[in-house]
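One chain, subunit A, links the two complexes that follow: it is found with subunit B in the first and with subunit C in the second.
And then the complex of A and B:
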């Protein structure tokens, strides 16, 4: 019905401008509201990002003299804030990568091992169930609840003394914080990684695993030659998820590294204090910093995007 | 190559608080190079039996011996058994070559060259040489089936296990593969245990058939023995298509009395029956023939209700004249004999072709006579 009306109206308006009213009558009121609503939501979600981006290119005067979402004009445009932010955050980028990459990879691998154990191995279900229950419970432990025990735990571990040979090589002993962060993030990421991999392995063909067993492969060989090569899409999901979590986490860095002046300060810790001073906030600098801090996670999404979509779909 | 013996093999699954007996005290002995088809309706325990032989299920009680060696506790990877799965279970990330080489790499110390040679040989046997570098996702169902078989053959195991390997193929391909499998098994002469629910496959492929129902072994015999000398009512009804007709009858003196017909028995048949009075009369559809008139002892007036022409023969659903509508039995008659629905026809049920089963136990008390 509506399609017919629109076609008629369209033809009429081409041939006879006087029939334009007829063309409008063919427009579906529902669609008008639908598109208005959709564009409204698009603007709602994009304006903060757009504001952040344009603000990061403004001089301090430009920030105070214009709306946050208006682009900088010739005199208020500058790359200077990005340069300053990069200088301030550069070491933080390196420090963050130092723990985020190993922690992501290790937690994904261990999660995959654990999930393989509780799905494909021939342990009795009555032994598998409590282990799985522990993993699931682990997902629901809030970070805030474990901060104090975490700090106490690390204070009892003589990590700094046992790594003294490293400090002898001229490495700043603040870097024990990085090692603590790796171990902590692996421990707290393991439950969700395991549960994600478990759902993936549950859907794997049981007959295929059985075929491999009959082909003479041991449980380790089956993992290495069959299960691991087929886990690509789920690794993409877990790597993206874990990397984003670990890279963006501020709480553990506050507890384990503590100060932005530390040589091992991660980017989130430096970012927290960036552009803040007694004279007030440098919004442009803070925005530029935020974008720099977000770039690595964006890169990871782009790198694993295709596998991610496949893994989420399964 | 080897012999395979199942001795009192039982599998019990826990089910809530109780237990379910999936396989109950099964004894089977397979000689070297034998092709045994295990057949039965779904849920009869045939796949479980196969999986116990493979080592994929534990054995609740009983013993499995491979060439005289007790293998109950041997892990599947050390049993020297190759299995073909219904779903083919190919490794999707590997090429055909890698799929076939996998088993040899994992279970033997052969060099890469030897493995390559054996894989090439096996692909030649299976006619899949040109597919070697393709992945399973690029293959058709029939080709995947061949790769799955090739993967088993290349291992050169003592025993092949096949779990409904043809059930995912279309009808034409299935009958082709059936012939080919038989040829292969003949050529390789490897002891093979083949599970299917399809009685046609069982009849045509096996040296012997083992029929299972509700976890219990009903009969192990050659296909023709199962067909002509069924051990019980279940086997008689399961083997043969269309299946055997059964009538509940009571013996009264020297006559079987059914609900709508009487069937006199000769002295020799009566000897077999003994003193059982509650009986089931069985007759195969092809043993029922059209007769001229209802004068004989074993001829009956009937009405043809439905006729299904198959070309070479007609499947006729008939009922006794006095029986209520819809209560039919099946006869197959020659394709050139003119029978139409609604015709009144006279059929003969010859005494030498009937089977009699004990009405309570189902055991065969009398099987048809066979001309030597």
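And then the complex of A and C:
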């Protein structure tokens, strides 16, 4: 329980001035328990992350010779594991970005198109409902149900042959895996993007769009001039949510790229096998690797936490 | 190959359709006018927006599921391609006779229900605490939700370390309290609960966000009225507030159950391989193992159909519920 006290202490020092004043003004047992509960839960959520972080800076001797949640001391402190992890994962970082960014942008755009076409246009709701239901149900499909056909499908697409000019430029032909991942993630990310945009467009003011329609503007023009410029906040939500999902996914990378030794191996695929060998597990290395793989999504989350929360809540 | 050209051709059509509608619908019979008549005035013109994404989803999601169903009826294994001339339910019979499949199905069900219940309970507790007019609300909320932004691959590393027998935080804590060390990931009777706990850690923040939105939608008068009636705080929540959170509970449960069905990534990363620890093999891991390790494609497809039916059993009623409430 040592760790709890420590984490609490760290945060409490920051909360002290206000909390002390509040506690003194009315000795309120109920508020005390409330904050005890809140900060206890804070410890619960932070301990796995904190112990991972301190462990990643320890030498192998430090890992087995000290508590997992205490920081390394002078002799057991090392950046070595981070260096090793970065050497192993660096190319994965680039590969992941190569498919996660395009797939995020394309699926958000197409999701916005689909939601606009279904929501802001005038056709019979009884025909819209089944189309929308298929989009919504698509969010909940376990990917296992499509894996075998997906592998079959990609094995029949002659990507290697049709992109031979790229391999001529000295690009490794494993990179077909990146193209497969982009298309696959766009297709399976579209349902959630569509549903997120739909909930936004449904609440959009209709007057402006009605007025534009009376002026004879085409559906395409209304999208470009009115709907798209107003979609900014929702694009932020969808891009952040979708990027996190795609970056974090392991299953498709396992099926479409397959081996971590591939030149196109995404970071999650390399991380899943990092630090585990027959001789035992190098936990400091695994923790350092975990943080490197998590850095992009953590950065996005810390910068845009509100948008992320909105994305998951919808 | 055929599927690929299909996609290309169809989206091409959609664009062509869109182009045609730019011209005024002339006199005489026009298929576009007929379609618009049937489906609504914007049907054809708006299809340039929704049809290409719809076809992409239709092919990759629903086309693939039907294809998967077909493969599960063949005897396709090892390399080569499936033989669709001889279809039967052999793989399903094999699954029912396979005790490993039955175990995995039971584990999936236990994980699904147990994980969803504990995560909802913790999420509701957090939401109620956070909703009590507290200081630092944003900071606390952000930290509670933080694990959700992490990959299963990352959280599996953290929890492999937390559950470590000799040096893990959990064993150190319980042994300092005077209990014996527990082999969390090695004991087949315990490992499922350990995994459930780790997943609860990752998704309780999500349940909290959903419940918090639900709590904030309840009018203040309901709290006031309960207070005036002299109800205690606990009684007020139990009798007045929680019953009003039915909608939040339903939507959060559906999403959480689907996350549990997808726990493959977590289990794979926990051990760095297809074979999860004994006692926590679920349908999702067994399916991928049969396909990509044993190359039993048809059998894996049959397991995938079982998993899909489970998902359908959860999502079907949910979609119907949303439809009857006019949310679709």
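Assume the second predicted complex is superposed on the first by the 273 of 314 C-alpha atoms of A that agree within 3 Å, B and C clash if a C-alpha of one lies under 4 Å from a C-alpha of the other, contacts with A are read in each partner's own complex, and residues count from 1 in each chain.
The criterion applied here is as follows: a residue touches a chain if its C-beta (ideal position, glycine included) is under 8 Å from a C-beta of that chain, and two chains touch if they have at least 3 such contacts.
Every value quoted in this text rests on a predicted model; they were computed, and no experiment measured them.
Engineer: Sharing subunit A, do subunit B and subunit C clash or fit in the superposition?
Structural biologist: Aligned on subunit A, subunit C fits beside subunit B.
Engineer: Given the touch rule stated above, what does A:118 touch, subunit B (first), subunit C (second), both, or neither?
Structural biologist: second
Engineer: Identify the partner contact of A:218: answer first if only subunit B is touched, second if only subunit C is, both if each is, neither if none is.
Structural biologist: Once the two structures are laid over each other on A, A:218 reaches both partners.
Engineer: In the three-chain superposition, say which chain, subunit B or subunit C, touches more residues of subunit A.
Structural biologist: C
Engineer: Give one of first, second, both or neither to describe whether A:226 is in contact with subunit B, with subunit C, with both, or with none.
Structural biologist: In the superposition, A:226 contacts subunit B only.
Engineer: Just to be sure I read the superposition right, which of the two partners does A:135 touch: subunit B = first, subunit C = second, or both, or neither?
Structural biologist: The answer is second: A:135 touches subunit C but not subunit B.
Engineer: By the touch definition at the top of the document, which applies to A:210: first (subunit B), second (subunit C), both, or neither?
Structural biologist: first
Engineer: If you stack the two complexes on chain A, which partner ends up touching A:110: first (subunit B), second (subunit C), both, or neither?
Structural biologist: Touch status of A:110: second partner only.
Engineer: Between subunit B and subunit C, what is the tightest CA to CA spacing in Å in the combined model?
Structural biologist: In this superposition, no C-alpha atom of subunit B lies closer than 8 Å to one of subunit C.
Engineer: Would you please give the residues of subunit A that touch subunit B in one complex and also touch subunit C in the other complex?
Structural biologist: Dual-contact residues (subunit A): 218.
Engineer: Can you tell me which positions in subunit C touch subunit A when the two form their complex?
Structural biologist: Against subunit A, the touching part of subunit C is residues 1, 3-4, 18, 22, 36, 39-43, 45-54, 56-65, 67-68, 71, 81-82, 126, 129-130, 132, 134-136, 140-162, 164, 166-169, 172-173, 176-177, 201, 205-206, 209-210, 213, 254, 258, 261-262, 264-265, 268-269, 271-273, 283-284, 287-288, 291-292, 297, 300-301, 303-305, 307-308, 310-311, 314-315, 319, 322-323, 328.
Engineer: What residues on subunit B touch subunit A, complex-wise?
Structural biologist: Touch list, subunit B to subunit A: 54-56, 75-79, 81-83, 85-87, 89-93, 102-103, 106-108, 151, 155.
Engineer: Quick check on the complex: what are the subunit A residues that touch subunit B?
Structural biologist: Listed in rising order, the residues of subunit A that touch subunit B are 205, 207-208, 210-218, 221, 225-226, 229-230.
Engineer: For the complex, which residues does subunit A have touching subunit C?
Structural biologist: Contact set of subunit A toward subunit C: 1-3, 15, 18-19, 34-35, 37-38, 41-42, 44-49, 51-52, 55, 63-64, 67-69, 110-111, 113-114, 116-118, 121-124, 127, 129, 131-153, 156-158, 184, 186-188, 190-191, 194, 218-220, 223, 244, 247-251, 254-255, 258, 268, 271-274, 276, 281, 283, 286-287, 289-291, 293-294, 297-298, 300-302, 305, 308-309, 312-313.
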